[in-house]
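Here come two complexes built around subunit A, the first alongside subunit B, the second alongside subunit C.
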Partner chain A sequence: MNPPLPRVDALAKVTGQVRYGADWVPPGLAHAALTPAAIGKGRVVSVETAEAEAVPGVLLVLTRLAEGELTAPTFLMVGGDAFESVQPLLDDKIAHRGQPIALVVAETPYAAAEAAALVRATYEEEPVSVTLDDPGVEVRDQADVLGPYEDRVVGDADAAYAASARRVDAVFDLPTQHPVPMELTSSVVYWDDGGVTVHEGTQNASAIRRGLAGQLGLPQERVRVVAPYVGGGFGNRNSLQMQTGLAAVAARRLGRPVKLVVPRELMFHNSGFRPASRHRIRLGAGPDGRITALLHDVDQQTSRYDVFPASYTDTSARVYAVPAFRAHQRIVFTDSQTPGYMRAPYEHPAVFALESAMDELASATGLDPVELRLLNDTETDPLTGLPFSSRHLAECLRRGADRFGWARRTPQPGSMRADDGSLVGWGVASAAYKASAAPALTRLRLDPDGGLTVWAGAHEMGQGIRTAIVETVVGLTGMPAGLVTVEAGDTVGVPHQLTAGSWGTATVLPGVYGALEELRKRLGAPPTGPLPRVAAPAEVEVGSLAPGQPPEALDRVIAGGMAPAGPVYPDFTAYSFAAHFVEVRVEPTTRRVRVARTVSVVDCGRVASPVTAASQVRGGVVWGIGAALREHAEPDPRFGGFANADLEGYTVPVNADIPDIDLEFIDEPDPSLNALGVKGLGEVSMVGVAAAVANAVHHATGYRARRLPIRIEDLL
Partner chain B sequence: MARVRAFEYTTAASAAEAVLAVTPGTRFLAGGTNLYDLMKLGVEAPEAVVDVTRVPELARTDTSGPDELVFGSGARMADVAEDPVLLRDYPALAQSLALAASQQLRTMATVGGNLLQRTRCAYFRSTAHPCDKREPGTGCPVRGGLDRGFAVLGLGETCVAVYPGDWAVALLAFDAVIDVLGPSGTRTVPLGDLHRLPGSTPHLEHTLAQDELITAIRVPTTRAGRASTYLKIRDRESYAFALTSAAAALAFDGDAVTEARIAVGGVATKPWRSREAEALLVGGPLTQETARAAGEAIFAEAVPGRHNGFKIELGVRTVADALFHAARTGESR
Partner chain C sequence: MRRMLVKVSVNGSPVELDLDPRESLLDVLRERLELTGTKKGCDHGQCGACTVHLDGRRVVSCLTPAVQADAREVTTIEGVAADDGTLHPMQRAFVENDALQCGYCTPGQIMAAIACVAEGHAGDDASVREYMSGNLCRCGAYPGIVAAVREVAQGWPA
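And now, the complex of A and B:
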């Protein structure tokens, strides 16, 4: 057993040696800036660029691209590569606030920014509808707009609910949120004889490669995307965005490298975000607390032109033993950019609603909230009847309750006080997140000096995939960590799949495992123990698949697409689980809420890298606290867009908001999913935290949060 | 990327030199944490700035005198927040600085410049939106709209933007005055006369002429400083402006309040003090009832908007809590 490996790139990061996308400064670099439309929706009538062009150092002002210079990309969810199907500067339409009407390129970023501010336009403005309730939105059943989608039904949930002895019926509103990664969206693009090279922080180098190739009319082989490190992903960078193609066109026209950084305010308006969603939960139970029925109705926002699907109810159905289930999901078309996958995109809202309702059910049945959850545990997936590959939710709840001291909780709201007179609330919530996995092509090269290089189709966005790879190699070979080099985030290496959906570890590590097996075979080495010395470099390239996947799935990844599998596999359903416990303190007069401590116990299969895994859980808990008490991107019904589109107005938590975060892993391998027994972690660590906070707030104050975030005015 | 128009930059070696360097379109530059920010947003576009951070006389701070505390306008917020006399004898003043912005910003920003910090209204800060304060006559979209963070006291005909600072609120409670240097000499302005109500001219935020420079802030000493506090309620526990705040200071004779000072922030278009509220407290003991009555007196004329009505009840409770914090602070000394 080796001691836990520190994060392998920690020193490089804190000493500034790691280069992110915008850190690349090729010779002759020109700088680009965007001019956003001044309206929320409508069309551009005329654009005046003379003032902008007169700024010293300005090289190019683009307001409308030439025919065929760049085509609109295809939306990710209909087989394409882009977060939305709108590409600015192709026509006169303005679909949403913040959409650029001009790109200015200059010798310096200052000249570019100054000139961009001097581009003037006249518009025909149209009214906007930006919230679920604004007049002018269109509401449609998801089943009518997304074939072959059908809402999930198990048994006769309506009848079972009507016949239930205990019933909870509640509606929960979850707000629009933005992931605000620290690294701004940016592209550094240059052309040479080989084609075009893009340096850009991304979770999906293949999508940028394939999507940009399509936009430019190039074969994929002539596009290289380099993203060895990403300054935070959280789903925000899971696909092609609008600035990459614009920078590529400018670089081509000028014959110079071009850098385009999207400012924070424009990131709020030109990239994916967590859409607003409304959840009606009807939860029925017997007098003993056993669940008899669950109905989950969802309304979720999308843009006018792309359907970002609603997939909430697959998770809410699987947290407990639910004998009868019915889902109904609707899509609400609004005048925003197309929403996207922000960390735990469906699971955080769905589980917030479910776990809030469970707390109400605990009150209705008189059961302790932990007991109620243990009572309704299941070994079988309610939707398919398949067994879970592994499920340690009950153990998470038990261990968490022990660590937290849950037994000392008095059930009555407002019954616990701290020494300083503040109200104390203790809350709990369960968490579940699908355990997906994808095909991978992994290459290894063993050199005569003993060094091993691993090419993996993954993206390091701070989650620690490089550390997990090195730690896995060290564990399987006993070689020193310093001899392992990881090459990732460059399309010149191996094909890259989207790193998202918590499938990175369960995709990449089995690939590394399989490649090491193949290397040993090739070298005639025993299946375990140190790797032999080689006289000449030995290289293998090995494909791996998720359980039950046909080999063609790997071909899809090689072709630049996606092929994630799960959570339903031929013989089982696979999920990661967690239990979160939260203590809040509420000031009795001003009602200021502070999270005093948290305990999380997580079942993510075997823990591949304890150091980075713990960091992931801490991040997830911070995100959950932010979702419960802080974060709300405020849609502006009058002007469109978001009114608080910066880090002052969009209040992510600061250190002073975050308490000690205690955590523990079950660390039991899931051998069904892969040989290493790893499941996903990044998202389940956030799921349920907001519900645990809200349940704690109820325990302290008696206030039931039906919308997030909980604000001080809700508690006065 | 910031869009900053080219501008002229000069430094001044003395306050007099700085004042004489002013031409139309010139702004004084101190910490730059607000002015540069607004220049990058295109909200401010001075033709020239005169940097006064190298003027030695503006950095002079003296809190040792028997009659008054003197803060040079160029003293850094972070330094004044750690002044031992303030920490011991005027915790409300020290806290109002320590709870503002972030340590990085406090290290840059000056106590003089901070007094004239401009509002955080998102429409004021966005040149893509109408704003009567930024561009008079364009209107104000706040009332009836997204007004959660806006003022309930001192409302203008259109503008309801909050004065965002903390330090000026605490100073107001202590009867601070400012020394101002202009081309024709020095004058002294009570802090309460520095900021204007928006009325029909929200673009006019203070009473200083363009070529007048704040050189010092002076605070008369009072024993009520020892029993004082600055309580700030906000959407997160650091790096956020106040939803409501209260500076409170008390002096007692036995159980009876002999002196009370209360000013509130986050709720008004300028730093806000209520002598009526203070008078309610003097002469009797501090009780839950009198503390709350004082808070209610401050907010008696408050006008709620669509989403900010909670600030009235929260403000009342903030004042009441601050009074008890202040009293406890005094007891522990």
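And now, the complex of A and C:
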């Protein structure tokens, strides 16, 4: 056994040497700035740019692009590449708050910002409807909107629920939230020999490449996207955004490189976010606590013009042995930009609702919350009847209870006090997240000096994929980590697909494994042990697939698309699991809630990189605490968009919000998903944490949270 | 706009700058001096990613007019390691405690952390958490950051 490898890019990161998108400063660079619309919806009647153009140093003021200069992109969820189908500056429509009406380019950021503020416009304003309950919204069954889609049904859940001895019926409201990666959205774009190069932090270089090529009318081969390091993803950067095409047009017109950094407030209004969702859970059980029925009704927001689908109930159905299940999901069309995938997009809200209801069921049956969960464990997927490829949820619960000291918990709410008089609450929740995997094309080159270069179609956004790749190679060959180079995040290498959905590890590492096998075969080397020395560089390029995938799935990735599979595979269903335990302290007078400590035990298959995996779990717990107690993007009923669209108003957890985070991995390889036995981790680590916090708050105070975040006024 | 000539020491090297008074220290470092280790996360003083030292004290460079650095010493993440490349103890502690993920906030965290110790605010975990709360980390590396700061503080010369 090798000792765990430290994060391979940590040295470059602590010295400031890593370059993110906007860190590129090519010679002759011009700076761009955006003028946002002053209305939340409507149309631009007239635009006045003379004052802006008179600012010294201004090179270009764009308010309407020429015919054919840039076309609207296609929305990600209908086979396209963009987070939404709206492209600013193509017509007079304003679809949402923050949509730009002008792009200014100047010699300096100052001149650009000054001029952008001087662009004036008149508008025809339309009213906006921004919440699920606004009378101006449209509500439709998802089954009617998405064609072949059907709500999940197993057995007769309504009858089973009606006949249940114990019933919980509760509605939970989950707020709009924003991913808020620390790196601002930005593009540095330049043209060269008829092709265009984009430096931009992204989780999906292929989507920017294919999408921008389509917008500009270029073949994909003429677009290069460079994103070796990304300053946080969390779903925010999973597709083409509006600024890339604008920067490309400006750079082409000026014949100069252009840098466009989207200000934080405009990021809140021009990228995907976690939509508001409402969940009615009806949970039936026998007097012994065994679940008899689960009904899960969901309303979820989307924009007026794109359908961001709702997929909550696939997860809520699979956490426990549920003999009868019925889902019903509806889409609510509101005035906002199109929502998107924010970390654990469906699983965090769905499991918050389910695990809050489970806590109520524990109270209703008199069972300990951990015992109730163990009692309802299952080895088979309730929706398909297939076995889970691996499932160690019960072990997560048992080990977590031990580590946490759960046996010392007294069940009565308000029955535990700290020495300083604070109310103490202990809560638990289970977590599940689909174990997806996707095809990959992986290239290896072994050099005569013993160095091995790995080209992987993945994006390093802090999750540690580079470290996981190096650690895997070291484990399979015994070679020193320093001899392994990872090339990732550049479309000049192998095809890249979206890095999201916790499928990165289970996609890239099997690819590396297969490529190493092929390299050994090519060199006539034994299947294990060190790689041989080579006299000339030896290179292999190998495709890999998720279980049961046809080879055409790889072709989709090579063509610039994506092809994730799972969680249902031909012979099994694959999920990652976790159990989270949380202690809160509630100050008795002010009712201020602090999370005092947490324990998480996670089943992500074999742990590919212990150092970066532990940080992933800590990060997920921080996100759960933020979701439970802090984060709410407040819809603005007057101007549309969000009223608290900056880092002061949208409160993400700060250091002082975060306690000691204890964690442990089951570290049992999944025998079915891939040869390395790895499952995803980044999202399951967040799922359930907010429910554990809320259940702990109930244990401390008796308050049942029906909406997040929990605020002091809820507890007074 | 009237321009101003200033002389600044940046990481120990003298730099003469002809400045628009509106230019922030952050943009001058990044766009003119190409010291891009200092990051822009909000441009509003809300996130701390742009933290540098001005005469040894931590400031958010996005809210610091560059002209304010006239005749003063600016230290950025590129300037904290020794001339021979030996890491600053805080950089080493960040690596050893995996006090980072995406790395975007890391330069600002390290500049704030060095100042936090120098200010005498690193005597216990709670104090570190409080005095490091001006630097947001969306990846949630806070426990590692606290561990790194405490480790360095305990080995800090009295």
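The criterion applied here is as follows: the second predicted complex is superposed on the first by the 715 of 716 C-alpha atoms of A that agree within 3 Å, B and C clash if a C-alpha of one lies under 4 Å from a C-alpha of the other, contacts with A are read in each partner's own complex, and residues count from 1 in each chain.
Quick note on the criterion: a residue touches a chain if its C-beta (ideal position, glycine included) is under 8 Å from a C-beta of that chain, and two chains touch if they have at least 3 such contacts.
Values in this document were obtained by computation on a predicted structure and should not be read as measured data.
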Touched partner set for A:Glu183, first subunit B, second subunit C, both or neither: second
Touched partner set for A:Gln17, first subunit B, second subunit C, both or neither: second
Touched partner set for A:Arg7, first subunit B, second subunit C, both or neither: second
Contacts of A:Pro263 with subunit B and subunit C, given as first, second, both or neither: both
Touched partner set for A:Gln412, first subunit B, second subunit C, both or neither: neither
Which of subunit B and subunit C A:Phe639 touches, first, second, both or neither: first
Subunit A residues touched by each partner, larger count belonging to subunit B or subunit C: C
First, second, both or neither for A:Thr589, with subunit B first and subunit C second: first
Which superposed partner A:Ala38 touches (first subunit B, second subunit C, both, neither): first
Partner chain in contact with A:Ala112 - subunit B first, subunit C second, else both or neither: first
Subunit A residues contacted in one complex by subunit B, in the other by subunit C: 31, 109-110, 261, 263, 648, 653-656
Residue numbers on subunit A that touch subunit B, as the complex places them: 31, 33, 36, 38, 109-110, 112-114, 116-117, 261, 263, 587, 589-592, 594, 630, 634, 636-639, 643-644, 648-649, 651, 653-657, 711-713, 716
Sites on subunit C touched by subunit A in the complex: 20, 22-23, 27, 30-31, 34-44, 46-47, 49, 76-78, 81, 87, 91, 94-96, 98, 100-107, 110, 128-130, 132-146
Complex contacts: residues of subunit A adjacent to subunit C: 6-7, 9-20, 22-23, 25, 29, 31, 108-110, 179-184, 229-234, 261, 263-264, 461-464, 611-612, 614-616, 618-623, 646-648, 652-656, 658, 660-661
Interfacial residue positions of subunit B with respect to subunit A in the complex: 1-6, 42, 120, 122, 127-129, 141, 145-146, 233, 235-241, 243, 310, 313-314, 317-318, 320-321
